[in-house]
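The structure appears below as structure tokens.
Each chain carries a letter (A, B, C, D and E) given by its place in the written order, and its residues are counted from 1.
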Amino acid sequence: GEVEVLHWWTSGGEAASINVLKDLMEKEGHTWKDFAVAGGGGESAMTVLKSRAIAGNPPSAAQIKGPTIQEWGDLGFLTNLDAVAKQGKWDVVLPQVVSDVMKYDGHYVAAPVNVHRVNWMWANPEVFKKAGVAIPGTWDEFFEAADKIKAAGFTPLAHGGQAWQDATLFEAIALSKGSQFYSAAFIGLDEKTLRSDDMVDVFKTFKKTRDYVDTGFSGRDWNIATSMVINGEAAMQIMGDWAKGEFTAAGKKAGIDYVCYAAPGTSGQFTFNIDSLAMFEVDNEDAQKAQQDLARLMLEPTFQETFNLNKGSIPARLNMPRDKFDSCAHSSMDAFLASSTTGDLVPSMAHGMSVNSMVQGAMFDVVTNFYNSDSMTAEDAVDRLARAVKASMY
Amino acid sequence: MSNVAKRQTSALDKVLRVVLYAGLLTMAAVYLAPFIVMLLTSLKDVEEIRTGTLLSLPGSLNFDAWSKAWNGACTGSQCEGMAPYFFNSFQIVIPAVAISTLLGALNGYVISHWKFKGSDLFFAALLVGCFIPFQVILLPMARTLGWLGIANTTTGLVMVHVVYGVAFTTLFFRNFYQSIPVELVKAARLDGAGFFTIFYRIILPVSTPIIVVTVIWQFTQIWNDFLFGVAFSGFDTQPVTVALNNLVNTSFGGKEYNVDMAAAIIAALPTLLVYVLAGKYFVRGLTAGAVKG
Amino acid sequence: MASLTIDNVKKRYGQTEILKGINISIEAGEFLILVGPSGCGKSTLMNSIAGLEDVSEGRILIGDNDVTYASPKDRDIAMVFQSYALYPNMTVAENISFGLEMRKVPKEEREAEVERVAEMLQIGHLLKRKPAQLSGGQRQRVAMGRALARRPKMYLFDEPLSNLDAKLRVEMRTEIKKLHQKLGTTIVYVTHDQIEAMTLADRIAVMKDGEVQQLGTPQEIYDNPTNLFVAGFMGSPAMNFIPAKVVEQAGSYALELQASQPTIVPFPKPESLANHVGKEILLGLRPEMITEPQPHKEGADFVVTADVDVEVTEPMGADTMILTRVQGAEVNCRSNPAYPAKSGETIAMMFDTSKAVAFDKDSGVRLDN
Amino acid sequence: MASLTIDNVKKRYGQTEILKGINISIEAGEFLILVGPSGCGKSTLMNSIAGLEDVSEGRILIGDNDVTYASPKDRDIAMVFQSYALYPNMTVAENISFGLEMRKVPKEEREAEVERVAEMLQIGHLLKRKPAQLSGGQRQRVAMGRALARRPKMYLFDEPLSNLDAKLRVEMRTEIKKLHQKLGTTIVYVTHDQIEAMTLADRIAVMKDGEVQQLGTPQEIYDNPTNLFVAGFMGSPAMNFIPAKVVEQAGSYALELQASQPTIVPFPKPESLANHVGKEILLGLRPEMITEPQPHKEGADFVVTADVDVEVTEPMGADTMILTRVQGAEVNCRSNPAYPAKSGETIAMMFDTSKAVAFDKDSGVRLDN
Amino acid sequence: MKTNAAKAGSGSTQAGRPARLSLADWMPKIVMAPTAVAAIVCIYGYMIWTAVLSFTNSRMLPTYKFVGFDQYERLFMNDRWMVALSNLGVFGGLFILICLFLGVMLAIFLDQKIRAEGAIRTIYLYPMAISFIVTGTAWKWLLNPTNGIEKMMIELGFENFRFDWLTDPDMVVYCLVIAAVWQASGFVMALFLAGLRGVDSEMIKAAQLDGASTFTTYRRIILPSLKPVFFSALVILSHIAIKSFDLVAALTNGGPGYASDLPANFMYAHAFTRSQIGLGAASAMVMLGCVLAILIPYLYSELRGERHE
């Protein structure tokens, strides 16, 4: 049968890894129709998906993640993967947090491909050396170091002023207030937490970082920001592990040319972002068969390994051989395992893992507007955030 | 005194002429600036882009990015560049432009020369179609196409482009035909020509400039359309803009701006070609001598 | 060829009524000429007959068919537009043959026809040109050619010769006359040229302000105008209207007018003046009825010689017009160029009232009918 | 007002030479009328004078200024286009006042002027209309109005009255004449109307195929045409050209022509025929010179009565045209409507050759000059 | 056609046309029918559907749970929407005016028998050809203070040159205007050029004789006769302004913050990315309402005016 896969893994590494899956499928005698729609974190792809679903012609599989899977489930578009899951023992090989996301109403409807850690900080040791400071472990240290770096003529923080990057930075700061605080705010959407002084603090810290980004940050793509770190123009960037790809592409070595640390104040904590393919209900029996096979193959170690080596993330599956992965990946895997038991493993708000897209959008608006506004106070922002969240839960 | 001297231009005229050319060329330079940046970038290698400035010249002429964009760059799991998508785009653009232009010309012709009760109202109503945000119609259109059984096919996409292009083409043609003397149509009717004959023999031959404008508009709109192209195409009928988008929007790995820029220029080539070719037909005075007064 | 009946046709543009109930009926094969002041609705009427404008009211019949609502191409009419309306993108030859092509005439026939028409109109050397490359008169001839190439039931000509030189115009006029005699096609023709009207028409319709004033043969119109307007409109120079007092004389009635002396002139139908004795009426006398004294007419009935004061003389080649003033009205006289009249002089002129007509001064109604 | 000198002006469209070296020179304040067959280059010449077409060769002087290469707006000329060229988006009033506005005339003055002109042209009630809502003649009057509102150095009128009815045309002609007398502006005027040409012109230029054939006063042109073309072109109906043999008679020369019998007619300048004895030449005789026998002329010099065969009679109101055939050539005669001529009959006509002219049969050159 | 209209007697008063039987007479209507059907379904049908949705609480996909005017209330409480609306006002107004002005001027200049007209025309027009997905990037570079024009000028020695509109929330909307004008003015030029080429040359001659300068001839004679072209251009430009979605997405993505957001982006973001179709639909209706409020009176006067000619 054939599978049509709608996704936005279009860049070099991703595409290569998707091709692995394609080859695997074709080896099993299936046809792979590759429907790639890049851009805007999958915005376009989602639009396509909706239009195709409404036209009554959905693809067999689509890259959907986080709570959105539940939404599609709600609408009854997704198919049941329990049989494959049982055969492949998904309940065992996947950590609970991951498998929860893949299920709708207790049934598997999607298969994960990886886990990203979002709360990374990438640093250029050379710059730190020149400025004569150590890599900061907390936000206080961050600002101390940043002052010196700035004085030394570097940009302390490489940042791109796009809403999701603002949110990534913002959530990293929030996470430094503790996983509990983070969860209450970004999963529970607890109004009290949202309006708490801690939140005001978070906003203040957040705003303070603005003094340490360069003037041209607005609208900058994340990878440009990364290249500032690579070039030695900037000292640090707070960004998910996909940034590693940029370093690799520039021929830089982890631990030597660049170093990866958890974002200040969040070591041991892990904000995750899981990519997955959800399976849509299709009529054709052959296609159904192919779909099940696809789900199975995705969880197989061969694919998980290649894919994640390429993407900079770590496998969704536990207990994988890790010798091919680099030091950052290792530390990510460690953190993943460790945090999964302590409650320090939390879904990323900025990447749509913790809340649905409405709430996420509302938060983005407040966060990014605040970051760019000269007049808005942190208190205002907190108030707006709480109100926006409430309005969007409507 | 047989002198063959042409009209002697006064000094003031000469100055004005110089100013005119200066103005035109300055504007041309302004319009070209972004293109030059793109072109220069497409000729540099990744390293030069990283280190150089926008307008710095490439170290050597380097067309690697172009060939990569054409048939090497990855757009999803395939790495065949933009080439395969050109065909898809042409398959969509040519019928869509042809049909919408023809329909627009016919509609314009009716509205300006075969008025019937309600034709003006129809025109006004159609114009409203120009202002519907396309995002709004994605979902209902998807459902309609599903019903018609042409979802995610080239046919469907052509239909969508025609439907939303025809308001513009009608507008262009109607406003142009408004200035064609009514006597021409009257004379032809008396000569025994019917509706289509008049259109084909009398009206179309004087429509060249507006056909050019309409084709330019429609070709550009449809060729560069991304939203409909992505939402309503099938996996093997994606137009070149989707490929370009995929090519440009990598969220991982080193960004190859040179390839992006080359791809953008390549993607624009057919449109540019249309501009150059069609431009010849910006001719003067097609209805001259038609009527007196 | 077919008869034409225009039955109470009205045409409005918005509020303004342009045609106010036109009634005209001509036989098949008749040559009808429409005349009337600029803007009186001639072209509008032509357009209505051709079906190019919807009429607001009334009926139009061609033969026995009510074509009021028929489409133009089903009426089988060929028309020369006042504004030419040439097809700008076609050559002269194509312009001419288009109508034939539409009627599926074979190519060779079309070509032959184009040639014939072009020769007749003397535009043979222009066949490959586009309208924009023609002079005004050449365009007009192409417009003619387009109509003449066809053999329709009816021709409509809207001032088809206005931009031609006199010589060509005479030739064209003759051609049209021949054509009409040969084909016998019904023709409706608008012209401002009096000679054209007089020589071509079987019947003339004189229009004014969207109404037909008189419909009759050229001679009827010229000799027997129904009212002051028609009388003044037809004939060039126009008929003179001389205020005159009705007087009783020898049991009959005559008219007294004030040349350089009061003069009594006879009137052909004196009895029609009976009701107006003592009142002033308008005596209509064409310029050619006031001439230099002609010995051979001397003493005839209705011929009176009187002295008049010459105001202006206007030599026109064949004749000289003498402008005089009679009873305060300007009077044009047509004299032989040899007759020595000078401005300011008083000279004798001969008034021939045998064809004189009389009108009511206020209403313009003809009195002697 | 300014004089106009056209010095060897040539104009080519691609290969074809339209104006082949025009030389015309008129005084300031003169009224020049251009006549010529359709397509002879009158409009082209007008356009060249106005500066709307570049001439290919030659010079144009207005007053003492060489304006050959001056831009139209610097020539201070107002023109009525043959094709009207009204501004379609402006009302009639705006059309008329535009030229004044361009010349910075204050608003009140403009309005007054528009009113004056509109009244003169009888288009006062149309001032708020757009050109598309006018009849042909109304448009033409607006085109006139546009020119007349201004007071330029020179007026150019290209067939300005062709679409007006006879009555209106006479009135307009008079207005133009008055205007010219009042302002004394130099005027160049194209018309196909013989009467217009004769009555308005100070001088007439007769053109043919891009060349000036004769430039002279109306009377010169009428009485003394330089060649066959001019003779045949001016006058309507045209001059008759009767083939006649030069015979020697009583030491002088006369002409013999073949009416219903051979007839000898005298010629005013017999000596000019000396070289042509025995040869056939063309005798030019205007229709008004061949009339019914008129008793008072009987016996005069140069008057001969002869019998002719009537082919067709054409009543034209004031006169009746009698078409006869003399020596194989059609001959038009102008007779009194009362003279009883019928087709097919042979009747007596009187030939007055006192103003006759003679042309070479082949070259058309005037012989008696 | 032999319609022996069944109207006896003369002097018929105010009788309507008899029904036409011939196919030819129906041709105009038949020709317009496909467009009419498409318009009824794909414009008005969808508009009504959108209107219906705006009264529901549809999220990811349309549902039909009606909530009255709630979505509209939410919309007008939404700060971002208000920013987007006012941006549209500024952006749309400036964009349309500048484009019209530039387009007209360039067309007129190009109409002066310019030597390399073809090349120059293509240069003005080419921005239309290039997808904003990429030109957005080029403009982003050019307008970016750290590596664009500002940097260039500083390197050229103008130390104090500042051009940082792209990162200034108050000025960023003008960046949109610059890029949009750059892209669309060429087409407006083309529209006008085509129109200019259709103007009757006799009329221009008449104007010259009337003493009008070239400038005045254009202003008073030629441009007024291009009224229909203005009409086309205006519709096209407002269409582009209202739908400037790609432009914003590529150039600023709404930033800094959401200072450069436009309604189209707002709507798209809510209807698709944020799964708030109800709110998106409401915003679309408001957009459409605003447009129609301007468009309808204009259309009315435009179409009425011509009927009397």
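Criterion: a residue touches a chain if its C-beta (ideal position, glycine included) is under 8 Å from a C-beta of that chain, and two chains touch if they have at least 3 such contacts.
By chain, UniProt protein names: B, E = Carbohydrate ABC transporter permease; C, D = ABC transporter ATP-binding protein.
In this text the structure is predicted, and so the values were computed from the model without any measurement.
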item: Chain pair bearing the highest count of C-beta contacts; value: B-E
item: Farthest chain (mean CA position) relative to subunit C; value: A
item: Geometric centre distance via CA averages, subunit E-subunit C, whole Å; value: 56
item: Distance between chain centroids, defined by C-alpha means - subunit A, subunit C (Å); value: 93
item: Interchain centroid distance [CA atoms averaged], subunit C/subunit D, Å; value: 22
item: Centre-to-centre distance between subunit E and subunit A (centres being mean Cα positions), rounded to whole Å; value: 38
item: Multi-chain contact residues (two or more partners), subunit B; value: 138-139, 141, 194, 226-227, 245, 248-249, 285-288, 292-293
item: For subunit A, residues contacting two or more additional chains; value: 40, 47, 50, 54
item: Junction residues of subunit D - those touching two or more other chains; value: 82-83, 86, 133, 136, 140
item: Contact footprint of subunit C on subunit B as seen in their complex; value: 181, 183-184, 186-194, 197, 201-202, 205-206, 285-293
item: Parts of subunit C lying in touch with subunit B, wherever the complex brings them together; value: 47, 50-52, 71-73, 77-79, 81-90, 98-99, 102-103, 130-134, 136, 139, 146, 150
item: Of all residues in subunit C, those that touch subunit D in their complex; value: 13, 35-39, 42-44, 82-83, 133-138, 140-141, 158-159, 162-170, 192-195, 198-199, 219, 222, 232-233, 235-238, 286-288, 294-296, 314-319, 334
item: Subunit A residues within the subunit B interface of the complex; value: 4, 7-15, 18-19, 22, 32-41, 44, 47-48, 50-52, 54-57, 59, 221-224, 227, 231, 242, 245-246, 249-250, 311-312
item: Parts of subunit E lying in touch with subunit D, wherever the complex brings them together; value: 200, 202-203, 205-213, 216, 220-221, 224-225, 227, 308-309
